[in-house]
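Pasting the structures in now, so scroll down.
Paired with chain B in one complex and with chain C in the other, chain A is shared by the two complexes that follow.
Up next is the complex of A and B:
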C-alpha cells in the first residue's frame, strides 16, 4: 500500500509544490514553518481541499486528479484525521464521537461500542466515555480525537499537531501512547508537527514543505 | 468619558414615551378585564370551540412550517447565488405583506377559480377555501418566514469544520445534517418552531380572507375575539387577556434563545 501526492496544493492562488510518497507501515513527518501548507496538505489528502494540480493516489487508485477529472469524495477515501482544532462533535458524548466513523460504515451498535471503548482504553480515556465532548479539557479532547481517528482502522491516518493541545506533563505520556499506536499501525501515517522532538521520536522519515 | 447621546434629555423623553405607548394598552386590558367572572366568560361554547380550532390548526401549521422551512433555510444558508437571494426575499415577504393581501393571494392561488385551485378541483374535486386546511395554509404562509429567519441565521453560524470532519468519517449528507448540524442549532430550531406557532396562533387577516370565519369550522380564537367585540366588549377583553398570557408565556420561554439574539 502506498500513498502518493505529486503536484501543487494550496487554497487560493498561493501554490505549494509537493512530492510525497509514503508506504504502508511508514510514518512520514511533515515539517515546515507556519503557513507552509502542512494543514492544507492534510486537508488535500483527506479530500476537504482539492489539489491545485497534479495527482493524488492510493495504491494506483487515483483520488484526485483534475486533468483526468477524477475526484473521490472524502467519505470514500478511508482516511481518518486528528484535526489540529480537533473538531469533536460537541453535542455528542465521547463514546458517540468515537463510534461515529464506525456507525457511518455500517458497523453494528454493539460492535461499535465495544471497539470504541477499546480504543478509548488505548489512549487512556476510558473514564471519559459518558462525558459530553464540549466539556472536555484540551488534553482530554486530544486523546478522544486520537481514539476517534484510529477506531475506524483507516488506510491513511493523518495527525495534524496531535500533541499540541496538551500540557507538558501529559504530553510525554501521550507521545508514548501515540508511539505505541503508530508501531502497531499497518496503514500509512502522516504526522504534521512543528515540534522537532515529536517528529524525531514518532516519524520514520521527514518531508519539509517550503 | 460619558457619551453625550445617552444623557440627552430629548432622547430620554422619547424613549420614555415609547415605553409608555407600548405598556399603556397592554396594562389597560388588565385594568378593564372583569376578573370576577373571568373563567365563566372564557368557558363558553363559542370560545372553547374556536380555541380548539386555533390549537389544532396552529400546531399543524407550525409542524408544516418546520418540515418545509428547515430544509429551505438549510439551502438558503449554504448557497450564495443570486437566485437564492431572490428566493429568500420572496419567501420572507409574507412577513411584511398586509395579511389581507396574503389572504387574497392565497385565494388567487388555491381558490376554487385559483391558478392551482382550479386544477385541484377539476382533477380531484378538492376545494380548499373556507376549510380548516385553508386556515392551516394561511398560517403556514405567514408564519414560515419567522422560522426561516431564525433557523437560517443559526445554520449560517454552524461550524462547517465539523461537517468536513463528519465527511472524512464516511458520513452521508443526510447523516451529517441530522447528527451533526441539527444538534448544533437545536435552540434556534426550537425558537423558530415556537415563533411560527405563536404567529399562527394569532393569525387573523390572511385566514379570515382565505378561510372565512365559520364557527366550529374555520373560526379561530382571534376571529372569535373580533366577532365577540362587536356585541360583548367585556367578553372580548377576557379572551384578549387570555391570548396575551399565551404570547407573554411564549416570549418568556424564548428569552434565553431567540429574544437575546443568542443561538446557544
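Up next is the complex of A and C:
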C-alpha cells in the first residue's frame, strides 16, 4: 500500500508544492512553519480540500486529480483524522464519538460498541465511556480523539498535532500510547507536528513543507 | 486555596455620552414595542370586557355565535370554542405539512444546491413570502382547491377509518385540510428562511470532522447540522405557526366557517378566529362588536403564548446544546 501526493495544495490563492510518497507501515512526519500547509495537506488527503493541481492516489487508485477531473469523496477514502483542535462531537457521549466512524462504515451497533470500548481501553480512556464529549479535559479529549480515529482501522491515519494542547506529563504518557499504536498500525500514518521531539520519536521519516 | 463560594464583584461602569445616548435610544425603541403590545391588549380587554363578564368561561367553551333577535325573543349568545379549535386545527395541519418541506428546502439550499441556483431559489422564496394573502386566497380557491379535493377523496378512501379523515357528509370543498395546505405554502418561506439561516451557521469544523471519519454528506448533516439547527427549526416553526393562527383573508376564502367544533379535517366544516372576525365585522351591532373584540383578544393571547413557547423552547435547546 502506498500513498502518493504530487502537486499543489492550498486554499484560495496560496498554493504549496507537495511531493510526498508514503508506504504502508511508515509514519511520515510533516514539519514546517505556521502557514506552510501542514493542516491543508491533511485536509487534502482526507478529501475536505481538493488538490489545486497534480494527483493524489492510494495504491494507484486516483483519489483526486484536477486535470482528469477525478475526485473521490471522503467516505470512499478509508482515512481517519485526529484534528489539531480535536473536533469531538460535543452533543455525543465519548462512546458515541468513537462509534461514529464505525457506524458510518455500516458496522452494526453491537460490534461498534465493542470495538469502541476496546479502542478506548487502548488509549486509557475506558472510564470516560459515558461522559459527554463537551465536558472532557484537554488530555481526555485528546485520548478520545485518538481512539475515534483508530477505531475504524483506516488505510490512512492522519494525525494533526495529536499531542498539542496538553500538559507535559500527559504529553509524555500519551506519546507512549501513540507510539505503541503506531508500532502496531499496518496502514499509512501521516504525523503533523511542530514538536521535533514528537516527530523524532514517532515518525519513521520526515518531510518538510516550505 | 479555600472552597468558599465567591460571587462576582459588582462593577460601577462610567459610560461616555454617545454610549448613554445610544443606550437611551435603543431602550426607547424596545419600550415602545412593549408599550404598543400592552396598549393593544388593554384596548381589546377594555372593549371586550363586557362579554367576558356576561358569558364568563362559556365564551371559551361554547360554539354558538348568535346575535339577539330583533324582537327580543332570544338573547345574544357568543362563544369562540369552534373558531378557536378550528384555528388550532388549521394551523397544525399547515405546520405538519410545511415543516418537512421547509427542512428539505433549507438543507438543499445550504448544502446541495449550486451557488447560482441557490441565489435564484432564495430570491424566489423571498418573492413567495411577499405575495399578499388575498392573492394566496384566490389562488387557493381557484387552483389549489380542485386538486386538493381530489387528494382529500383519496385520503378519505384510504384512511377514512381514522376519525380524523372521516367525512360525515361527502363534501370535500373548503375544508380545514385545504385551508391548512394553503397555509402550509404561505408559511413555507418564513420557516425555510429561519431554518436555512441557522443551518448555515452549523460549525464547519464539526462537519469536516465527520468527513474526516469517513462520513457521507448526509451523515455529517444528520450528526452536526440537524442537532445544531434544532432551535432554529423550532423558532421558524413557531413563527410560521403564529402566522398560520392569525391568517385571515386567505383562510376566509378557502374555509367554510361553521360554528361547530370539528376534528374531521377533510369535511367542509371549519373555524378560524381571524376569518370569523373579518366576516362578521361589517354587519355586527355594538354588542357583537364587543364579542368580536373579545375574540380578538383570545387570538392575540393565543399568538402571544405560541411566541413565548417558541422562545422558551429555543432557549431550552440552546442550553441543552
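The working rule: the second predicted complex is superposed on the first by the 210 of 210 C-alpha atoms of A that agree within 3 Å, B and C clash if a C-alpha of one lies under 4 Å from a C-alpha of the other, contacts with A are read in each partner's own complex, and residues count from 1 in each chain.
In the analysis below, contacts are C-beta pairs under 8 Å (C-beta built on N, C-alpha and C of every residue); 3 or more make two chains touch, one makes a residue touch a chain.
This one's a predicted model, so the numbers in the text were calculated from it and none came from an experiment.
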Chain A as common anchor, with chain B and chain C clashing or fitting: clash
Partner chain(s) touched by A:22 [first = chain B, second = chain C, both, neither]: neither
Contacts of A:190 with chain B and chain C, given as first, second, both or neither: neither
Chain B versus chain C as contact partner of A:46, first or second or both or neither: both
Which superposed partner A:75 touches (first chain B, second chain C, both, neither): both
Touching partner for A:112 - first (chain B), second (chain C), both, neither: neither
Residues of chain A that lie at the interface with chain B and also at the interface with chain C: 43, 46-48, 73-75, 77-81, 83, 85, 87, 89-92, 100-101, 104-105, 148, 152
Chain B residues within the chain A interface of the complex: 159, 161-162, 164-172, 175, 179-180, 183-184, 186
Residue ranges of chain C touching chain A (in the complex, touch as defined): 205-206, 208-217, 219, 223-224, 227, 321
Touching residues (chain side chain A, partner chain C) in the complex: 43, 46-48, 73-75, 77-81, 83, 85, 87-92, 100-101, 104-105, 148-149, 152, 154, 158
Residues on chain A engaged by chain B in the complex (per definition of touch): 43, 46-48, 73-81, 83, 85, 87, 89-92, 100-101, 104-105, 148, 152
